[in-house]
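Have a look at this one before I ask anything.
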Amino acid sequence: MASAELAVNQRQADAAAGRGASRTNAGDALAQRLDCRIEALLLAGDEPLSIDQLLRLLDAGSSGLERATIRAALASLGERLRVGASELVEVAGGWRLQVRAQFSPDIARLWEERPSKLSRAMLETLALIIYRQPVTRGEIEQVRGVAVSTSTMNTLLARDWVKVLGHKEVPGRPALYGTTTRLLDDLGLKTLDQLPELPQVQDLAQLDAALAARLGVVGVAPSVPSPAAAADAPRAEQRTSGVDPTVGP
Amino acid sequence: MASAELAVNQRQADAAAGRGASRTNAGDALAQRLDCRIEALLLAGDEPLSIDQLLRLLDAGSSGLERATIRAALASLGERLRVGASELVEVAGGWRLQVRAQFSPDIARLWEERPSKLSRAMLETLALIIYRQPVTRGEIEQVRGVAVSTSTMNTLLARDWVKVLGHKEVPGRPALYGTTTRLLDDLGLKTLDQLPELPQVQDLAQLDAALAARLGVVGVAPSVPSPAAAADAPRAEQRTSGVDPTVGP
Amino acid sequence: MQSGALAGGEAEAANAAAAHGVVGAPPTAGAVGEAHVPKVAGRPLVELPADLYIPPDALEVFLEAFEGPLDLLLYLIRKQNIDILDIPVLQITQQYMRYIALMEGLRFDLAAEYLVMAAWLAEIKSRVLLPRPPVVEDDEPEDPRAELVRRLQEYERFKTVAETIDALPRQARDFWLAHASAAVPDVEAEPPPLELRALLLAFHDVLARAEMYVHHAVTREPLSVRERMAHILERITAGPAPFAALCDPREGRAGIVVALLAILELAREGLLDVRQEPPFGALILASADAAAS
């Protein structure tokens, strides 16, 4: 927007709120207050901002602003917003402002036509990437028993929920997929650990025993080591051993 | 979504945000306050909202909410925001929240920090504006299947590749976007007609061939005849019929 | 939750049916061995007349209710309230084959995975039927069903957690970010070069993806098969009706598919009889009671 237009809006706003021109000085004082500057940055941007990013943006003159000061300003911003419709929330990517969940019914009316449903193929593929990362498309297909379409992968990539972590050193060098910070942000989470646990139907040793008993197999079968036996908690992004470091994201 | 499920989500959201259960009651009270509900709508939406739109959105149960009540709530919202970074402003399309102008230096730094590579989201959005202009953000989102972020639109506007041609006469009066002369300059084209017709191609080789043919690059390949050519040819800038002339750029 | 509306709805419906004894007694060990030919109202289901016109897209939607053969198998197992560990392989194999045969009979080009699964089930079945050789230590003591059970369980874990993830609060669906407009400052930095090719590739991608969305929009119609079954049953109890009369074109493809699913399910449960008089004439659906009397 051109600055001239902004000035007009400003005047309109002043008029609408019945405020006089004397406001300007008070406004300058506002800009000094760190919690307001942080609020301005979070309202204007789309992405969460980390303490480090805030420090860089706010301390342009290198006047020795400290993290502790930013943290204190965040706390006071959070406190000030308690009487309003927005709230300060920390997610994986940093701090952001979001509209309190109790207003969702109103907002849902505003956005009635939004596309938001995810196909089962997409959700199941995403689940496998979350809990088995780094994982190849072939490995996903093996569990699902069905091909994963290119458009499913592309949509997950386009949403920036999933990224290529590297390539597996096997013939064909298939891409290894993992989750992004953006996925956690979009789910309002700080870490992968906050995602639901993969249901433990029966662990595989038990399963083997149960199978042997139920199916009347004599002699307990040697438990088959399965790739699934590895930890099934959502994996932290750091755990990408086996990923070719030269082909990082 | 079923209300029971919503309640679960709410709880999960509370847990994720690290909020105590005690806050919920205070929150419910908040949701009742009209000025907070208006603030929530303005914070979540992209476009200004008129008094009539607010009335429709807030009075879903037809409980007899009046314009005067909405006006009073707007006034009290404006008053409450005086201690914050945003302000309530009335523009042509209605009321909106904007960041006070005195924070512009901070926000300018935020924009400069953006990565210099054109993101996939930006390219896709720009391509759709070229071929489907005049087009609303909602229409772009519908084709992409993914929300278009405010920063993507803002960056395209800031680069002067895209401009607002007018507003669509549907509820919400969303902005209609089109391309600029600057975009043609940056692409090295004289007119939009020089862009290839919408590539109805199955693979990248065909697309390359079509491009090469159009742009007169070496290795001219037979151009691919396209059934959708008429509908999907890039539209000249003049063709903005249907745009409300009174709200031109 | 709407995820898997078609399959979920049907599974639910089937469970309800089982509770009311419609499906019949839960399979027992004795039932497993009975290789009876699947007959519905006196004729095998696979012999649906060739001229029962179903739009190919509708069939695709039917199959898309399932995320592949494992999902279809889980559905067949769950709808009978059987523990996965107790899979009556013969029975499940038969049911699976019946669905596959139905699909093939309707000239639907089945995804290869379904056929691979069919072959595997057939193999398991034959191994179960063969007399068990005397047990030798370390010599393949595993039940032939074990691998199938493992894969079904593994798939089900992810299927379940995918639903849980879908129910998590999600930005722009359950909660929204707080934004205020800000003047767009002039960007000082040199903008990155804009390449025409990159631009067109992006467009190509997005259009390819858009097609998929249109597709999903079709499968996501929340229509209940069980509800339709009740409706159709009521209708044909009053008197035989042609197939076309039981479909409302205003409901679109998804509605017709739901009607088809409902009719197939009713036929499978022996509640409905499909007649065709004369040959190549219209399909007449009548209640099984009326046909018997």
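First chain written, first letter: the chains are A, B and C, and each begins at residue 1.
Following the convention adopted for this analysis, contacts are C-beta pairs under 8 Å (C-beta built on N, C-alpha and C of every residue); 3 or more make two chains touch, one makes a residue touch a chain.
Since the model is a prediction, treat every value here as computed from it, not as a measurement.
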From subunit A, the most remote chain by mean C-alpha position: C
Please identify the chain lying most centrally, where each chain is represented by the average of its Cα atoms. A
Could you give the separation in Å between the centres of subunit B and subunit C, each centre being the mean of its C-alpha atoms? 38
Starting from the mean Cα coordinates of subunit A and subunit B, work out the distance between those two points in Å. 21
Rounded Å distance between subunit A and subunit C, as computed from the means of their C-alpha atoms: 32
At least two partner chains per residue is the criterion; list those residues in subunit C. 168-169, 172, 174-180, 182-184, 205-206, 209, 212-213
What parts of subunit A, by residue number, touch at least two of the other chains? 6, 40, 43-44, 46, 85-86, 97, 99, 101, 104, 107, 111, 114-115, 155, 158, 187-188
Which residues of subunit B touch subunit A in their complex? 6, 9-10, 13-14, 16-18, 26-28, 30-31, 36-37, 39-41, 43-45, 57-58, 60, 75, 78-80, 83-91, 97-103, 106-107, 109-110, 113, 120-121, 124, 138, 141-142, 144-147, 149-151
Would you tell me which residues of subunit C are touching subunit B in their complex? 1, 167-169, 172, 174-192, 194, 196-207, 209-210, 212-213
Mind pulling up the subunit C residues that touch subunit A in the complex? 2-4, 67-71, 85-86, 111, 113, 117, 135, 137-138, 141-143, 145-146, 149-151, 153-166, 168-180, 182-184, 205-206, 208-209, 211-213, 216, 219-220
Which residues of subunit A touch subunit C once you look at their complex with the stated criterion? 1, 3, 6, 40, 42-44, 46, 85-86, 96-99, 101, 104, 107, 111, 114-121, 123-124, 126-128, 130-131, 143-147, 149, 151-152, 154-155, 158, 185-188, 195-202, 204, 207-208, 210-212, 214-219, 221-222, 224, 226, 228
